[in-house]
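Would you mind keeping the following structure in view while I ask a few things?
Going in written order, the chains are labelled A, B, C and D, and every chain counts its residues from 1.
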Amino acid sequence: MDSVGNIIVYFIIAIAMIFFSFKAVTTRKILRAATYLLFVLLAVGVAYFQLGYQFLGAVQIAVYAGGIMVLFVFAILLTHKPNDKSGLIDSHRRAWGITLAGSAAVVLIFALFYMPLLHGASLMECMQSGGEITMKEIGTAFTGSDRFQYLLPFEAISVLLLACIIGGVTIARKG
Amino acid sequence: MDITLPILILAIPITMFLILGIGGVKMSKKMAGVLGILGLGTTAVLAYIVALTYYFSGDPLFIVDGVRQQYQVFDVTWLAFTQSLVVNIGFLLDPISALMLIVITTISFMVHLYSWGYMEGEQGFQRYYAFLSLFTFSMLGLVVATNIFQMYIFWELVGVSSYLLIGFYYKLPSAVSASKKAFIVTRFADLGFLIGILILSYYTDTFNFVDMTSNPDGVLLSTGGATFMGASVLTWAMVLIFTGGMGKSAMMPLHIWLPDAMEGPTPVSALIHAATMVVAGVYLVARMFPVYCTVDAAMTFICVVGAITAFYAAVVACAQIDIKRILAFSTISQIAFMMVSLGVAYDKPIEGVHYSGLGYMAGMFHLFTHAMFKALLFLGAGALIHAVHSNNYTAMGGLRKYMPITHITFLFGCLAIAGIWPFSGFFSKDEMLAAMFARHWFWGAWMTMVAGLTAFYMFRMYFLVFWWKENPHYKEHKPHDAPWQMSLPLIILAIVSLCAGWIPFGEFVTWNGEPYHIHIELSVAVTSICIAVCAIALAGVMYAKENPLPAKVKSFWPTLWEAAHRRFYWDEIYMFITHKIIFGIICKSIAWFDRHVIDATMDGFAKITQKTSYAIRGMQSGEIQAYVAWYIAGAVVLAAITWLCLI
Amino acid sequence: MDLSMLWYLVPSVIMLACGIYGFVTRKNLIAILISLELMLNSADLNFVVFNRYLFPGSMEGMAFSLFAIAIAAAETAIAIAIIINIYRAIGNTDITEIKKLKF
Amino acid sequence: MFENILIWFVVIPVIMMAGLGLCRNSNMNAIRAVMVVCSTALLGLSVWLCCDFLRLRGMGVDDEMLFTGSWMWYEPLNIHLAVGVDGISVLMLLLSSVIVFAGTFASWKISPLPKNFFLWFALLSTGVFGFFISIDIFTMFMFYEVALIPMYLLIGVWGTGRKEYSAMKLTLMLMGGSAFLMLGLLGIFWHSAPAGGQLTWNILEISHNASIAPEWQYMLFCFTFVGFGVLGAMFPFHTWSPDGHACAPTAVSMLHAGVLMKLGGYGCFRIAIFLLPQAANELAWIFIILTGVSIVYGAFSACVQTDLKYINAYSSVSHCGMVLFAILMLNTTAMTGAILQMLSHGLMTALFFALIGMIYGRTHTRDIRQMGGLMKIMPYLGVCYMIAGFASLGLPGLSGFVAEMTIFFGSFQDADLFHRIFVIAATCSIVITAVYILRVVGKLLLGPVQDEHHLALTDAAWFERFSTVTLILCIAGIGCFPNWINETIQHSFAPIIAAVQSAAL
């Protein structure tokens, strides 16, 4: 039995996620879409906190909600035109989108409900058996090269980021 | 026996062919002619030496207790198909090959000499002599073959020489098509020959003539009674081999090439298409005679084909205008005579007949005499054509005053072929008819009738050419006798035609080598002479002076005349089969099938691939959303499938 | 009432579905990118949820999410650079106008 | 490695390519010099190989393959560069070098881009020679592909008429064949050591193991036979041949019809029959039907063609059908005939294509309806054409006769009625061959001159004479003295026949 606080928090995040992601893809105004996305990202971040991954939640909020959103907003402002019609969606596209998204949702949700594995333990029990992950653990895991340690991907990501920086600069510089 | 002479006999002509063929362009005509004549003269002398040695030396190699032997002078391996089935090239001496050596070299030498005059001024004189040498080589190789495969090899070579010589005037379309026809028809016949050899050699496991003919029962036994479609395998083999002979010897229905072959130069017709190559079929049957005797069906087949051909050709010859064609049909008819004669012969004594192998001896005898007088007639016709520049008797008439030598020699030839005593044709024809009567009266009567027809058409031609009425063109262009190179062979051959009958032929050539003393069958001889004289008289009445009788006879049976003149439409039938059916239907449809079905299928694969590519190219639309949509759709479907499988 | 993992997974699925819908329907490149982020987040959330419920003792899911976030950042940066470039080149960010990559 | 004489058959063409690489495209004399020197070297090498081979056989050395050598190439798959020759390969090498030699002279004045032409030509030769010396089926296949690919460029660039189409068609069809072949060869490889030993590509080792399971043999036999059969122009996979030959430049037609099509026959023989003898015994009848059809069908098709090259291409279908037909008869005599036919057809078609190229170079047409009486205008070429024609229709004294007769007599040894009927059908082709050859000769060379413009044409130049005389001498040599070839190759059939017979038991 989970605590009532947890359940309330859960419902808030769940509703926020569902509602704002729905709004993000249906609104015509692109800047609003970005704002709704921000809310979704924040909700997800909260969910991470709730699940006991504080570091991840922090990263989610810092990188996504902080960094990426800024990029989005800048991009939107840079490419925005006053009477932009691209928000309008014709019915053909909408039908396609609804069909695809609907069928994906239906298949996945049915699958979820038919998986007995997914109906077990409560969050409380899991938190007790796993507990929180400390920064120290994360640090060790990311800088070690043993089993369950991630030095190589970590370095790869670094190089990737570097490549992105250079790539981004190169692409954006040329007119 | 020393092998030098036999080798030289074959080597000189082929060397001469290579010299004249390769170096001919650089030579003068005279040089080429002299070389050719000298080469052939030498060959002829050598051949005479060899043949006469064979007949008269009494060497135990050649004759044992009065029986002439078959002797292989040399026999070297040329190609080994299997351990036992080996093709040799060799030199077989026996009565008939020695006879043929004489015939071929004599006629060939005469023709070489004659051509020097006849072909003078022709372009390609050197080429002509080269081809003549090639032909002589091939023909000699054919007659001295020790085995059936060697015979086949040279058989093909004579075919090609004949092709080359018929097509000598290669700028004339008619000569080209005649040569083509000759080659293809004989090739078709050779196919039968080849299949026959295939069958025969499979069972006997040998190609060698001596092995086969010395033990014909062994040949029969080796087939083990195998049959195919009701007839024994050996019958098939022998009939098919005879088909080869039918092609070369222009038997019905494969005779159509021979009249057209007259497009070649006349001396060539004399050599190849009268005296030597066309009797190869007869020679083949004679060569395989003991084996043929074991197969009654094949012998009957030979008789029937020969009898029909003889009559057919004789009838057609009565209605021809071109003198060379008359001679050609006469050749067909006479060769058919020999065929029947061989067909009625028998290798074992039959009751009531004093000598069962008579037909064989008579056939070979006639081959010999016919070669001489037919060559004479052709060379004579050549002299006529040389004089009036036309092949048709309508351009001639009354020539006896202008060309006395030609006239007399031609008359000798006609008398010989008509079978008038004492010309050579009489003796050989008499023996043949006697042999036919001995077998069955029908063959004798039938062939006697053909002999009468022969006398009639030959004298029809003789009178039309030398008597009838003088052609008005002579005033502008006076015909005259040919130069000595041409007249000399005529005279020699005329003398031979006159005398050859007195040769005691049975002493030399019989099927088993035992000598036989020829004696005239009086009843047969008298009958045939009477018929011949009547026929000549009839021809004289109709054609000696200009009169309306021939025209009346012609208008009495216009269809028959027309049909005979058009050779009973055999050419048209062949044309229809080859052009319309084989070319027009089979070949065209196969070619069409190839292009429009097989090739189209292959192209179709390419087209399908291409079409499919174009069709699915639209999916590469450049719209990222479409890609994503497809991707997600796929993923969803996969997920659904996985899920359905899991539960 | 237990908060089993299903509770977290269902909103995640809906987020994914919204992402799909947005990606397929929207014409604005930035809107498409936004939809993409939604899908990514849904996946990240799944990693974390599975990690927490099924393998609470380890941290693979979390690590994976972390990397995913880093890569998403990089990807977004590049994508936005490209979008801006396209905007400079053709004057708008409508995806229906960009069809050069065909055939 | 280089002490093995066989390696030089690949090395010399490579040297040839290197030499050509150093020449400039404009320097025709240098290019010719390289080509003449190298092709003469190849010819000399193959003659020497032949003599040495006969000497060794004469000394009583009766190994299956002589001059063997093997060098590891790629260890994980056990691929070796394994070489070795028996009598058949020796003759094929001799044939190839003669044709490369004659082809060099036949393309004396090739343009444009002579250097590039000869480079590809040399690459093609490398593939051909490599194929014949290999006894490792992987390297064999590799050389096979090396020989095929240059065809595309040679036809596509230097061809005439619908050259792109033809080049594409030829290449794609042959590649399709190769795909089958590759499947077959891989299958053979994976089943080469059934007892679990080391898998091998080596022909000799596979045949010694002799243990590919019958059910696999059936499938692999079909794959390999069809794969090689496509190159051997087997009905119904022959349609690349007319189009390909018609558009190819002279030397390429020569090499392709003369040698490349022989790879098909040789491969069927060396791989399909030798390595899969049981399937060969039992499935031969299917392919006997197909090749029997090829023989007659090709001949009939040739009868109504009007393009000289099409006539010869169809006649090649017929003659090459004869090769495969004889191989399938599975007895020594017929196989000897098949080898003779390969040699004969190689030389004679090369001669034909060389002559057609020369005639086309003068008259600028290959349509026999537009030509006539050429014998008068160019007697040398006319006579050569007639000799080639006579060789093709089987005139004794030239090579075609010997080959065909050996095939017929060998094939007839099989007493089965089915075989007999097909043999007789095959013999009929000699008549049809005569028909179409004489038709061409009659229309092209004899008769009146069709086109007044042709009167000004010249006869053959020295290099053309050289090329044709070489080929004619070889043709006549085989035709007059065939038995030495029999003696050269008779040992080579023993293992194959033994394999087939033991499989039949």
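Convention: a contact is a pair of C-beta atoms (placed from the backbone, for glycine too) under 8 Å apart; a residue touches a chain by one contact, two chains touch by 3 or more.
The structure presented is a predicted model; accordingly, all values stated were derived computationally and were not measured.
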Touching chain C and also chain D, the following chains: B
Most remote chain, CA-based centroid, reference being chain D: A
Mean-CA-position distance for chain C and chain B (Å): 95
Between chain A and chain D, centroid-to-centroid distance (C-alpha), Å: 68
Between chain D and chain B, distance of the C-alpha-averaged centres to the nearest whole Å: 37
Centroid distance [mean C-alpha coordinates] between chain B and chain A, Å: 101
Sites on chain B at which at least two other chains make contact: 625, 629, 632
Where chain C touches two or more other chains, by residue: 20, 24-25
Touching two or more other chains - residues of chain A: 93, 96, 100, 104, 108
Each pair of chains that touches, named by its two labels: A-B, A-C, B-C, B-D
Chain B residues touching chain C - in the complex, by the definition given at the top: 617, 620-625, 628-629, 632
Contact footprint of chain A on chain C as seen in their complex: 1-22, 24-28, 30-31, 33-35, 37-38, 41, 44-45, 48-49, 52-54, 56-60, 62-63, 65-67, 69-78, 80-85, 87-88, 92-94
Chain B partner contacts - residues on chain A that touch it in the complex: 93, 96, 100, 103-104, 107-108, 110-111, 114
Residue ranges of chain C touching chain B (in the complex, touch as defined): 20, 23-25, 32, 95-96, 98-103
Residue numbers on chain D that touch chain B, as the complex places them: 169, 172-173, 235-236, 238-240, 243, 297, 300-301, 303-305, 332-333, 373, 375-376, 379, 390, 393-397, 401-402, 405-406, 408-410, 412-413, 415, 423-424, 427-428, 430-431, 434-435, 438-439, 442, 445-448, 482-483, 486
